[in-house]
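What follows is a pair of complexes built around subunit A, which joins subunit B in one and subunit C in the other.
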Partner chain A sequence: MSRERHIIILALLALLPITALAESPTAAALSYTCAGCHGTDGSSVGPSSPSIAGMDPEIFIDAMQDYKVDKRNATIMNRIAKAYSDEQIKGMAWYFAKQKLELLPQSTDTQLVELGTTLHDKYCEKCHEEGGRSGDTGTLAGQWMPYLDYAMEDFIAGRRDYPRKMKRKVDAAIKAEGEQAMPALIHYYGSQHNSAQKEASHE
Partner chain B sequence: MNKKIAGPLAWFFLGATLLFLYILPAHSAVEVMTVLGEEAPPGFDPVTGKRVIPTVRCLKCHGDESEQTDVDDDGNEIEIYIPPHKFEDSVHGKRRCAECHANITRVPHRQEPEVVVGCIECHRQTWDANKDKPDNEFKRLGVVIEQIEKYQDSVHARPEDEDDPSVLNAGCYDCHDAHNIGTLGSHQRDEHRLENPEVCGECHRKQRNKYKKSVHGKAVMEDGDSEAAVCSDCHTMHEIDSPEGDKVMLQITTNCGNCHEESRQTYRSSYHGQVNKLGYTHTAKCYDCHGGHNVLAIKDPASAVHEENRLETCRQCHEDAPEGFIGFHPHGNANDFEKYPVMWITAKFMQALIIGILAFFWVHVMLWFYREYQDRKAGKSFAHPKPGDDTVYIRRFTATWRWIHLLFAVSTMILVLSGTTLLFSHTAWASFVMDMLGGPKVEAILHRTAATIWLSVFLVHFFIAMTNIVRNRKTFRWFGPSSMVPNLQDLRDVGAMFSWFFGRRERPSFDRFSYWQKFDYWAPFWGAAVIGFSGLMLFIPTLTASFLPGWVFNIATIVHAEEALLATMFLFTVHFFNSHFRPDRFPMSTIMFTGAVPLEEFKFEHRLEYERLKESGELEKMLVKPPSRTMEKGSQALAAVLIFAGLGLLTLVFIGYMTMPG
Partner chain C sequence: MSKINRRDFIRVTAGAGLVGGTLGFPGLLMAASPKVVVIGGGVGGCTAAKYLRKLDPKIEVTLIETKKAYTSCFMSNEVLSGDRTLESLTFDYEGLKRHGVNIVIDRVTAIDLAMKSVATESGESFNYDACVVSPGVDFKWDAIEGYDAEVAETIPHAWFAGPQTMTLRKQIESMPEGGKVIIVAPPNPYKCPPGPYERAAQIAMYCKHHKPRAKILILDPKDRFSKQGLFRQGWSKLYGFGTDDSMIEWVGAAGGGTVEELDPSTRTLQAEVEEFQADVINIIPPQKAGKVAFASDLVEGDWCPVDKLTFESTRHPNVFVLGDASSAAKMPKSAYAANSQAKVAAAAIVARFNGQDPGEPTFVNTCYSILGEAHGISVAAVYSLDREANTIMPIKGSGGLSPMDASEEQRKREVSYAHSWFKNVIDDMMG
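And then the complex of A and B:
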């Protein structure tokens, strides 16, 4: 082989992307495996698995880390979470945060939605901004209602870390509206798929 | 492939690949962070990967006017409200909350925000990064940096408890409302001025309560006048220290004058203020008389300087002050005819005297110099004796007169130095000299000691002169050649000298004392009366004020200073020229120190006396041997020292006079 050819091969080798030699699959590749439960790119189609597209990455990391150490009540996520490194969890968090949330309509009770609107504005809006849209406190607007129901049960029953401020507000809402309070709020969030989706596509 | 170009082309290909793929990216300014090929999502810093919390997110809770409190972990109610418009208008309005409250990385925050924000660190870093920028955007930050340095030396930056250096007496945010810091000229500035007494009063309760009742406090706290004096106007903003220290006492006195400018100037022309200006604090300062935090308008009957209370106030320092003290004008102003006509007239009279006398004698000096120089060039003069010459001398002054002159000269110079140090307290040299002397208290002793010597010499001389006259009363001629009393011949001599100056006649001949020597002699009589008497009044103020009104101190101060200036400028210019610097005498004459004058010179300068003595046969009796070499050298050294000292003092006085404020 001529010397020139040697040099050209060397240059072609230099062109090879370094990532091709990396040990871990990319965050995107890891995230594809979640689609079975959480839907394509994190927009869930099954009512018991929450949508995680557009999810705040730090909330995502919190959840995975809590599953990893069995701090959060789980069906299967605790087993899954344990298999991922901190770096992989962070990578997936960033991946899902950038995905567009696709929501499906859910049937809601108009009266409950109305009550839920009032309750949300009074007790929840400051943290769960703009009607509970995806943000630094998670995704409530348009989220699957059965999931929200389980989640709240877990909080109230002490199966999940219950932030002090949240507990105070939830207690106040229940004190004000009794047993209706939680279903009202869940119906309210369930009714938000249109506005949440509109905003999401807007971004 | 053409072998000639294949080689270089292959090298170029490799080089370009390495350059674009490996070398350039490594040198690009900022590297974007990735995790397993994933870049940070929106809302996160692409370089650090950290969450960027916008201010609006924080204000969701902290900017809600309807819910201004929250409950902390222990169930205590806490204030959480930050008025959004105030923050947005403030100098920090474009900053994000978490830039200062750096421990907040999530919202809702999982921990209490650190109140200890790194004000100093952040301002210093920002200044270091931007101080060299050509636009003036960060110019004001330079002022902040200066203030930080002052703060760090202040009492506020010291620990409250020596064993616990973490708790300072006061940190930045104890005084500054960090969420509401106004830029120069902003509405916040006025608000802050009005709030200042309350902010300081948070810790300094007692002072606040006194201030509230004062003329300043009422204007600020009752009438909302943001122009009236607040704490920081007197105490400074950041250079705060205990008011027990000299530095603070001086600073506060200066600061009063930032508003009361004329009062500061008139105060500084009084003894109280001169000492203060020199950096000493034992004399009365603004607040010693007017009150500090509880200062009231002079016309207020409760004011410490109200006519009814003034004597008592004076007596805080001048324990035995008699009624007469009330008449003293501590802020008397010789430039203000309306208020202080007597002071004005006195000052103008003294100034006219200075100008008149100096104008006459300086013209006299210049003309004399010109004519004598011309004469000397033309050989119309006497020759100075050369060393080894067997020159004949004549006795002119006895030892007594020589000693009297020397004591007079030395004590005068001490008086000039110590006196002008006060008079020109505004100069840098005055502070230096005062420190060298050991402070105003030592200076006062020095001045009074020198004055006592001076007056004693004057009186001793007067006594001897009178004794001589009485002893020779039968033969003493009041208008004779040995008398100092001016006569008609002196007047004729003045005319003759001016004729000579203009080349209209030969140099006139003189008898024992010429008219300028007589002037030199009589000037101290007037000086002794004016300076001595005024000085004595200021020396014993209690006695003076027991039979004279207090305003005589104002007059005495003017007269004493102006007359002393006249004497200084006359002695160290005119007298020095007449005796030492004119061409016949240059660089000096030692006659006053050796007492003897070469006969040739005597003949030239006092031809009439020479002829008279020769005729009467007295001349032979007065002839003496030349002064010894030691005497001659010693006299020269002494004369040189005195001349240089005199010129030095003249320079200091000149500097002081030319830079006199007002």
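And then the complex of A and C:
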């Protein structure tokens, strides 16, 4: 999706009424309950549940809606997502979108990071812009590596909606570098917490 | 929203109502910085302290806790398998200090409800406009003859993580090959409903590698227990449960699992039908609210009744009881529950200080159990309040258990998410 179109959609979403039925808890109250696993205001301290602070609201909504109807593989989120109305999900999406993403360093393998850098530039950068920083294709830069690993396993095994273009690129990366391709990319994104952090604080 | 955020917006709009603010804190609306005293620096107390400061930095928050550092019970079963040290479960209060919480290390003796002040063992007193009470559980020592706090030094309960966790670990390490461990499970309600059964698995995890002929017997005064189907499945997959050669055995009430008496000198338990002797005994006694709740007249029966809209005591105004000590049906007594309740109470206290009605509460609970290095299971629930029944109800069609027969990969992921939960909940309460 182009930047402009994305921004227009976000602006439109913002115009929709967030005030749900009178009996609904506030978006903040709903979002606070996520902290036990996703960290205070959505910045997870690891080792595997993903940070959701600063997340694109559309991505958040899509993820929750997919969990709700068991369209996306989950351990627990499918059970949790079913509790929320569309309005509540939207409210939480905006709450987390406004939170500053705080990332922690992870230990990565230099050689894998190096290979991952090349692979990212060649196959991923076009959609996961600026090293996979938070945007309309999710947060890859600085994201917890075990989570990225699970996500890729699920895509590849068909347990999650796999965009055709992404599949082509991933297949090509695997064809080029074999078994090393995925670990390399994951180590690359895992190593990106600094750049992602700097940008996040500029927002 | 533009420059002015949603919370400011609410505050500004609510300001109109301040003049007539009548909601129980009449003087407070004028107080520049209302005071909250928090009793207990565990999950409920720490979370409430942090979120009170986060929601309104004008509030002066003082947290009183007996110990210099918090050692979490959650994940302490992993000390028994040898997967974790007690130090890895111990956290200081520096993080809360950075949030501007005053930390006082002392024991609260009681709340003076008329004076709205809290008295401590060292003779100090602290005035409050609102008091948060989260002292956790205490034991009912009279339930099993021959078992008391002193005997528990050698026949540990290990239901507070600390020295007794290490005692139990050492006893298991030094029992003979082919030795026998008995876990005496408590009757409902108690903190961490799946805890005793996870404990059996964690002990088995150690024995499988180091004492493969050992036996672990659970004597239970109940006929059913939390996540039972998943535990049985996990135990059988990992430890032969259900076979003649099973490492873990469970005897429920119907089978005579209720323990009546202990003879500490011979390590013999008299249960309803027969006697059981073991090399290592772990008795988890029946539970009730922490002492300070009794001393402060907050208890009915064993637990503290609360208005679940705010977690304010139904016995005394301006006192909010959280976590294990509260009677919070249908939430279990868990760390996730205490963390979730604390945020509801914090928001309700802030609303009241500002002359507003409390918002609609929302609660989540998630409890993980780790049965083996790569075998985790969970139960999750999202709740809303049924105001008329004053009951916290799971939202229909959501929540529930990990699926039976999940793949190995999914079970393994649940272990890693359990560890994530641990780190994040600790950080959310005191980081």
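Just so we're on the same page, the second predicted complex is superposed on the first by the 182 of 203 C-alpha atoms of A that agree within 3 Å, B and C clash if a C-alpha of one lies under 4 Å from a C-alpha of the other, contacts with A are read in each partner's own complex, and residues count from 1 in each chain.
Quick note on the criterion: a contact is a pair of C-beta atoms (placed from the backbone, for glycine too) under 8 Å apart; a residue touches a chain by one contact, two chains touch by 3 or more.
Remember, it's a predicted structure, so these values are computed and weren't measured experimentally.
When the two structures are aligned on the shared chain, A:Glu58 is found in touch with subunit B, with no touch to subunit C.
Applying the stated contact rule after C-alpha superposition, one finds that A:Arg164 touches subunit B and leaves subunit C untouched. When both complexes are overlaid on chain A, the residue A:Ala97 reaches subunit B alone and has no touch with subunit C. Legend: residue contacts after superposition of the two complexes on their common chain; A:Cys127 is shown touching subunit B, with no touch to subunit C. Using the contact criterion defined above for the overlaid structures, shared-chain residue A:Glu87 touches subunit B, although it does not reach subunit C. Of the two partner chains placed by superposition, only subunit B is touched by A:Asp136; subunit C is not. By the document's definition of touching, both partners, subunit B and subunit C, reach A:Ala28. Contact with subunit C, but none with subunit B, is seen for A:Gly36 once the two complexes are overlaid on the shared chain. Residues 24-26, 28, 30 of subunit A lie in contact with subunit B in one complex and with subunit C in the other. The part of subunit A that touches subunit C in the complex is made up of residues 23-26, 28-30, 32-40, 44-49, 75-76, 79-84, 144, 146, 150, 153. Residues of subunit B touching subunit A in their complex: 1, 6-7, 9-11, 13-14, 17-18, 21-22, 35-42, 44, 51, 57, 60-61, 64, 71, 73, 106-108, 110. On the subunit C side of its complex with subunit A, the touching residues are 6-7, 51, 336, 339-340, 343-344, 347, 359-364, 366, 378, 380, 382, 384, 395, 397-400, 402, 409-410, 413-414, 416-417, 419-421, 423-425, 427-428, 431.
Considering their complex, residues 2-5, 7-8, 10-11, 14-15, 19, 24-28, 30, 57-58, 87-88, 90-91, 94-95, 97-98, 126-127, 129, 136-137, 163-165, 168, 203 of subunit A touch subunit B.
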